[in-house]
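Look for chain A in each of the two complexes below; its partner is chain B in the first and chain C in the second.
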Partner chain A sequence: MSELRKDLISGRWVIIATERSKRPDDFRPPAPVAAAAEAAGFCPFCEGNEAKTPPEVFALRAAGTAPDSPGWTVRVVPNKFPALTPGPPPPRASQGVFQSMEGRGVHEVIIENPVHGLDLADLPVAHIRDVLRVFQMRIRAIEGQLHYQYVQVFKNKGKEAGASLSHPHSQIVATPIVPKRVKEEIYGADRLFRTFKECAFCRILREEEALGARIIARTGHFTALAPYASRFPFEMTVLPRRHSAFFVEAREDELEALAAILKDVLTRLKVTVGDPPFNMVLHQAPNQWLSARHWPELAERSHWHIEIIPILTKVAGFEWGTGFYINPVPPETGAQFLRQA
Partner chain B sequence: MSELRKDLISGRWVIIATERSKRPDDFRPPAPVAAAAEAAGFCPFCEGNEAKTPPEVFALRAAGTAPDSPGWTVRVVPNKFPALTPGPPPPRASQGVFQSMEGRGVHEVIIENPVHGLDLADLPVAHIRDVLRVFQMRIRAIEGQLHYQYVQVFKNKGKEAGASLSHPHSQIVATPIVPKRVKEEIYGADRLFRTFKECAFCRILREEEALGARIIARTGHFTALAPYASRFPFEMTVLPRRHSAFFVEAREDELEALAAILKDVLTRLKVTVGDPPFNMVLHQAPNQWLSARHWPELAERSHWHIEIIPILTKVAGFEWGTGFYINPVPPETGAQFLRQA
Partner chain C sequence: MKKRILLVEDEKPLCLLYEEELSREGYEVTAVTDAEAALAKLGQAEFDLIITDIRMPGKNGIDLITQIMGLRKDIPIIINSAYQSYKEDFMTWAADAYVVKSSSLDELKARIRQLLGE
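This part shows the complex of A and B:
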């Protein structure tokens, strides 16, 4: 099992793989085994190779087809090399000033479609909506266990974005503590709520829609924009126009609309900068069944959204030292190119 | 001039290049002009090419040699494409909820030696000490102008670490505000000082030295260790054993000792994982001439140090969403390999 460790000064937690850890030679060329196998044409996520993944947790599949066999459209499996292992969160341990916890949590892979070469943006809107529906179902199921404070849904596309397999997939990692970045967002939103007497994200949405320069796409339910203080070229945020802290509260018509705007903006990104690697990250409030106890009121003042970060620049020494970012493309310029695409 | 913009929710500032901004095609292959010129064998940082950089700000050079001519050992020039432009910090501007400042600051390049192929780790200890001395001189000169709250010194080695030129160099960026990451470290150290009744870094040093498992190298003046909650494989921190918040207060014998331990650990890193790209980041307290006004007491409770981050893994969706990191090499294992190298 891995170990969660807390950095004393910053309060940041890290997950340390203690059992199946890598050796120095693993970081030298040639590429590791998985990449070599994939280069040779084998992919454990392709239809027909279901036996090569751990048994499925859930799948949308044709009536009459058996689990772990062909016939599925979206398939969820435990990560074969999980960062965290299921189980109730153990107490914190400490040795002197050093604090740790057993690495308890959930780590699942959502295989978005059976065909290796079909990106999320290439799928029909109804299929993307199904992927989003599966996200909701898994979040509900994991939160219902009451072990995990936060469920992080994300997608890494491309090697440069951290994907070890190229078959389109997303991941879910549930953690026994509310992550630092999530706390910052909740506390920030709460502080601003007290100033504005309304949700800060709702306020930003209204001002951005009035200005227009950073809007990339807009529908009845969603707005996609280049955030004012974008860290990266062509960074995008997709926000529901209806205030809600919890992604699982998105209704069926909203999921359909989200699928449509995601397909739209991901296609615009492809056309504009040539199919770059990217990270897609769901931001939402902590586990709502636990938040009633641990996060009274606060969570309700945040506003779920999706961040899309194209990997076109490098995070370097200046960013590590300061937490600042240097962005060579003003978001207004990026938004204009994306709108015109 | 660039623009500093504040993210409303997180309080994070970004630097947006508004004038010389990139277009989408700049992110597609083939590589940009600078890389192409370098591939063809030209380097503006090599001895003899002094006319290809902006006029030097400072250099350690042989007696009788003229500025911007050969004969130097360490040379400081303004960055040709600066993220920030010198000048007194202007007031904050705002449009609705969106806050900005003109991009005032300093951006310099320290060319560490005249020979293209000599890495920092390859230089004699006395030469590395000279590079560190030049860091001190530039920090003192920039802080003395009283315009900039923080001076960030860092080094990006290798393309994957964000270096656009391969000739060994470091950079200095001075900002008109104290960066988020620096504030976090100061507030964290202050909070712990009140608990421990001593500097948290001094406490960590004592506990790490007693345990030994994460120590990589140790001399009379400095300890190099793999931090307990390392984010990255083979991450290293070099800490002065004497408490001090300000790098400029390091004495001549300490600079010599720092040069020696940096050469030692960077060479160990090379031997262990095959000359990986890395970021090296100086952490220190804000401008001490301004901190007396803005950071009374607090700054003195932090402890300057150097972080070395090898680029062997990718920052991906999980990290962006949570601020957590997944590290496949326990620091104890990493330290053992580095000690044995």
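This part shows the complex of A and C:
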């Protein structure tokens, strides 16, 4: 089992993932087995290879087809090399000043479609909506187990973005603590709420829409923009225009609109910078049940959104040392290129 | 109508003290000394709030909360434990408050009032 260890100085928790150290795609050449198998034409996520993954926990599939058999359109399986293992977390342990806890949590893979070569942006809007709907279903199911405080949904596309298999997929990791970065966002939004007397994200949306220079795309329900202090070239944030702290609260018509704007901006990214690797990350308030109990004010102060970070530059020594990022493409320029694509 | 509290505390003298003090505050207190008895009581009657210790013989308080959450998510739960070091984790166990045991019951009473909206 993995272990969560707390950095004493920064308060950051680290997953020491012993399970993942056994991953075939190890740190050094020879070529990773999974990648080599994939290069030879085998992919465990492709339709027909269901037996090569752990048993599915959920799937959208044709009526009459059996679990773990062909006939699905979106399939959820536990990660074969999970960073965290399901179960209620026991109390923290300590050794001197060092704190740790067992690595309890959930780690699932959402295989977005059965066809290897079709990426998220290539799918029809209705299929992307189905993927988003599955995200909602899994978040709800996981949040029902109250020992998980935060559910993180993310997508790594391309090896440079952290994907070990190229078949389009997203991942869900639920953690027994609220991660530090999420807390920082909560505290920042909370502080600004007291200043603005309204949700900081709603305020940003209004000002960005009025200025227009960093807007990439806009629909009735969503706005995609290049953040004012973008850390990376062509970084994008997709924000719902209706205030909501929880992604699971997005309605059916909003999921359809989100699918459309994601397809739009990801296609623009492909056209503008040639299909780069990217990370797509859902930001939302912690577990809805726990938020209602412990941070009731979060519902009005937090605002879910999706961050898309193309991997075009490297995070290097200066960034690691200082937390400063050097972005060679001003967000206004990036947004203009993406708008014109 | 009196608010009903289920108290789970294995140390009998403490159990009696809490029962007496909380009854004096106007609550109807049902006291049990282990988790199994608590689960049985929950199946028999409605409660407005649960107070539980962590370390008890048999099932511990954390496992008890996990089991309660599988049955009911709406009853506020206070962990009342001697262990200061567990305080950071109480949210992970889905409890609503964590009160470290002390000779004064003021904090516990304040948390009860807060959770019951009094």
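What to note about this one:
Please note the rule applied: the second predicted complex is superposed on the first by the 330 of 341 C-alpha atoms of A that agree within 3 Å, B and C clash if a C-alpha of one lies under 4 Å from a C-alpha of the other, contacts with A are read in each partner's own complex, and residues count from 1 in each chain.
Operating definition for what follows: contacts are C-beta pairs under 8 Å (C-beta built on N, C-alpha and C of every residue); 3 or more make two chains touch, one makes a residue touch a chain.
Just so it is clear, the structure is predicted and the values come from calculations on it, not from any experiment.
By the touch criterion stated above, A:228 is placed in contact with chain B alone, chain C being left untouched. Once the two complexes are laid over each other on the shared chain, residue contacts for A:149 go to chain C alone; chain B is not touched. By the touch criterion defined above, A:91 reaches chain C but does not reach chain B.
For chain A, the partner that touches more of its residues is B, with chain B and chain C as the two candidates. After overlaying the two complexes on the shared chain, residue contacts for A:7 are found with chain B alone; chain C is out of touch. Contacts of A:176 after superposition: chain C is touched, whereas chain B is not reached.
Of the two partner chains placed by the overlay, only chain C lies in contact with A:289; chain B stays clear of it.
Every residue of chain C that touches chain A in the complex is listed here, in rising order: 62-63, 66, 69, 73, 76, 83, 85-86, 88-89, 91-94, 96. Remark: chain B residues 3, 5-18, 20-24, 27-28, 83, 95-98, 150, 152, 154-156, 159-163, 171, 173, 175, 179-182, 184-185, 188-189, 192, 200-201, 203-204, 207, 211, 227-231, 233-234, 272-274, 276, 279-283, 307, 309, 312-318, 320-331, 333, 337 touch chain A in the complex.
Put simply, chain A touches chain C in their complex at residues 88-92, 94, 101, 146-147, 149, 176-177, 289-290, 293-294.
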